[in-house]
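What follows is a pair of complexes built around chain A, which joins chain B in one and chain C in the other.
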Partner chain A sequence: MSGLLIHLRAAPTLLRIGFAEMVAYRAEVAVWILTATLPLVMLALWSAAADGGTLGSFSQDDFVRYFAVILVVRQVTSAWLVWELNYNVRTGALSPMLLRPLNPLWWNLAETVGALPLRIIVLSPILAVLIWWKPQIALLPSAATFFLGCVSVFLAFVLAWLVQAVFGMLAFWYEQSVGLYNLWFVAVALLGGYVIPMDLLPSSIVPLARVLPFHSALGAPVEVWLDATPDPCRTLALQAVWVAVTATAAWFMWGRGLRRYGAVGA
Partner chain B sequence: MPSRVALWPLAVIDVRQLSKTYRVPIKEPGLSGSLRGLFVRRYRDVHAVADVSFKIEQGERVGFLGPNGAGKTTTLKMLSGLLHPTSGDISVLGFTPKERKNDFLRQITLVMGQKQQLLWDIPARETFELNRAMYDLDRADYRRTLDELVEMLRLSDILDKPVRNLSLGERMKCELTAAVLHRPRVLFLDEPTIGLDVEMQLEVRRFIADLNNRFGATVLLTSHYMQDIAALTSRILIIDHGRLCYDGSREELAQRIAPERRVIVRQHVPALLALGFVEDHGRMVTTAAVDQVNMLLEEVMRRAPSAEIGVEEVPLDEMMTRYFRSRGERRDPS
Partner chain C sequence: MRELRLIAALARVALMNAAQYRASFLVDLVTGAVSTVGIVLPLALVYNHTERIAGWSFHESLLVTGFFLLLQGAVGLAVEPNLSAIVEGVRSGALDYLVLKPVDAQLVASMQRIAPAKIWHLLAGVGVVLWGLSALPSPSLVASLTAVVLFVVGLFATYALWVLVICTSFWFVKVDNLSYLLVAVVDAGRWPVTVYKGWVRLFLTVVIPVAMVTSYPALALLGRLGPWLAVQGVVVAIVLLVISRVAWLLALSRYTSASS
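Right, the complex of A and B next:
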């Protein structure tokens, strides 16, 4: 049986156990989710700055809607692969995983997906409070926007996870791979729409920022959901290109990295 | 089946001139050393394994001995495909381990006493289920094997407890179960009894022997507990400073290193002091050359007719101590 088929056959069990593991860690996961609420801080800041009027094209309600969606997209595209890979490579904990005939990254992906229901449960009351505060933000998207938004969030999830894989794999060569990932995240925050909506960036850098991977990993799906992108199909295509580029880099680095791991000590 | 099987048809494990050299950066002390290290890195070569060759046949149980840092774990990691050799050839079940082919990984296991694969916060049963999926085991076969292992290791009461709540011994039993659920043909065991109490050590030993007897699995075992090696293996490989320095039976080693026997009288008999016995925890103990033992026993029975007498080989750990001391003296005559 081919390796891919075995990976697919194993997926339901991996997902179930990944979810069971997250339920066992529910308190820690909930606290971790709640620490990633920077969008709520930004929501408060930008709303206060708009102060009943508008900033650029954003009204106060637009800010609430934007950062509510950022909060959700950020949560459902979160992963911890970079920390896990870094730790496992540096301590040798990767070794027992490499002895099994299934790629250890596949198991991490199952754990990450397994955590999604818990993330949604923790997010629900926060969203409920936001909607109670500003009922007008709860706009139902059209069927087309809903579909494109789901695809875009999926691509952002895959891209964010692959980016963490790439940075995590740097641990095969370099001890401070987590530090480099933090630099990536700073770029996502500034150029990807996490703390500043793309439309409020200086107009000279917006065209460039829109084609960079930081935007594809976070801002793009938010804009697709809010129907705020002129050409959603182009946005999705760009996301797919970045997924392909990152997947190729991850595939290449995994092979090279394992050779190095096998050469210098495991 | 890979073509290499035809080249080396007999041995399950065939190691030829295996070497592993690590390139280790030299960190100079002090701030100036650290600053210099930023620009110019110097390295030294560490020869962890050097020119090691041996073969192990199907179903053999072999003990792999040596002091800390001798190269045992490095060799096991190369045999299981985790480390790439610097030079030399390895064949395990006809595969080249470093290629880490799935068909190879399905037939081996490596238990590392100091590393765990069990998921910490959920019951061990879930890790077993995870391994079933990862090894793509048939559900009926998996259940049969698990039932068998649960019975062999008496696990039924602990299967559903979170791993974090298990004792060290219980955890090791679950680790072993997870490691052999796929019925590997070759078991690499690196310190499987480390930190366990005596009773648990006995149980793990019994389990390993059972696996070997029932499934014909080939076993290569390292342990600092010589009782593990003595109880489980008849053939010993000794490695020191990366070089294989002994490959043979325990009896041959005893003849070479400690040809005498230990005579033990299990009670205090002062009359035996004159025969060279010394008191040891209420017993009388001495050693004698093999050809002198019968004469000594006759004399002991004459002086203490009702005494309970035992004759033993020199324990393996003492043999090892003597062996490495003699090698050290040869290396460093001063």
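Right, the complex of A and C next:
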């Protein structure tokens, strides 16, 4: 139990280090953030398709609103653990990290959270331009929506990070695990609401897509924020279930993987 | 003539280097196929709800997406690996060995490496263009030739842009991220350029002329490209090539190696 205590005590310091690191590489981080332009590219296509009218239940303003929120949620829930773990396992850089009293995953989680303020700073001019272009998209959510939205984004953040942990740990068995993660991300793009809002998917696959983890990791919080989900509490519960499932998988794989890593003698 | 022999020799060495990694060639086949699906399927899903977008039908848009895949393939195959090698050379000083050779440094630097796995993107691009054409009246010979020429010219323009980005590495050293940003902007070329409005469209036609590489050849195949636009495409490419050449020479004259 003292292990947990050490991790909690170290958290504030780790967060400070993480933030300082991001500030040190601010230009690089900003460029990384700006590369996630896909929501804007998709917005251009959808809004040209709607062409002043509506598409399904979406007007042009709805599209702007949807992809603006997607852009933000995608940024605040993104991580780089899968690349880092893959690299560290392949090159053996993980070994010295394991000698520390802190779990390297915990370290990465703190860095990821530490990057959040910078992400928001870089995003704000883009959002400002979108709101300047379409002032009517700015809506003030109700207190309940705000609260549920924050919880949903938090769950999506944890889920996305855990999924990266799982795919990163696959590197213990299979070195090209980053390629597999790309498959996951294509699924998130298509079935999770990244390039197409859930309601505009072919209606036969919508019920299935709604319970899959891809939606919980990205589309769900967007819908909660926009008050566009029939039952927000059910959405949150489903997200929590997926978090629990991936957390179990990650915990299991970490134990098994480390044993294998040691066995190779790297 | 000497340059042509040099190009052939460089291409052979690059191919031999790349052929060493056979397993990753196959893994990239899967990744390439999935990313193609990730690019084409959203288009199909949007067209599920409407017949035409910004004046383009689904099969017409497929032509643009096909050329976009070809562009991605060509850049990934031959442009991007070389230019990241140059950035690395500037940082580590390995560029010394290159500038000492009695040949044009830009030519050699641009042809050192090749990533053959990107051939899958090229094949996918050809497939998507053919898919689009299958539901459209077949283009005339002149139209097809114009499309090919415009696409190749556009590739040179893209190469010039990459060289410009790389040139900044002689001043700022660490610019590999900047090339990712360029990739992100080029991403906008996957849809017909009329999807974009106002200054965004202008930006994508003139500054980062990705529309020229993807939309113009598609328009040419459809017989809708005026001669004026074709000329404009060629002019933009030439201007970019000249600027990039000047920038390269200027940047090289500033190269101080890593140790001194």
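Assume the second predicted complex is superposed on the first by the 265 of 266 C-alpha atoms of A that agree within 3 Å, B and C clash if a C-alpha of one lies under 4 Å from a C-alpha of the other, contacts with A are read in each partner's own complex, and residues count from 1 in each chain.
The rule is short, and it goes like this: a residue touches a chain if its C-beta (ideal position, glycine included) is under 8 Å from a C-beta of that chain, and two chains touch if they have at least 3 such contacts.
The shown structure was predicted, so the numbers you read here are calculated from the model rather than taken from an experiment.
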Partner chain(s) touched by A:255 [first = chain B, second = chain C, both, neither]: neither
First, second, both or neither for A:117, with chain B first and chain C second: neither
Which superposed partner A:101 touches (first chain B, second chain C, both, neither): first
Residues on chain B engaged by chain A in the complex (per definition of touch): 22-23, 77, 80-84, 98, 100, 102, 105-106, 108-110, 112, 115-117, 119, 121-122, 126, 129-136, 162
Touching residues (chain side chain C, partner chain A) in the complex: 24, 27, 30-31, 34-35, 37-38, 41-43, 45-50, 53-54, 174, 177-178, 180-181, 183-185, 187-188, 190-191, 194-196, 200
Contacting residues of chain A [partner chain C, same complex]: 28, 31-32, 34-38, 41-42, 44-46, 48-49, 51, 55-56, 176, 179, 182-183, 186, 189-190, 195-196, 200-202
Sites on chain A touched by chain B in the complex: 1, 3, 6, 9-10, 12-14, 17, 20-21, 24-25, 92-93, 95-102, 107, 258-259, 262-266
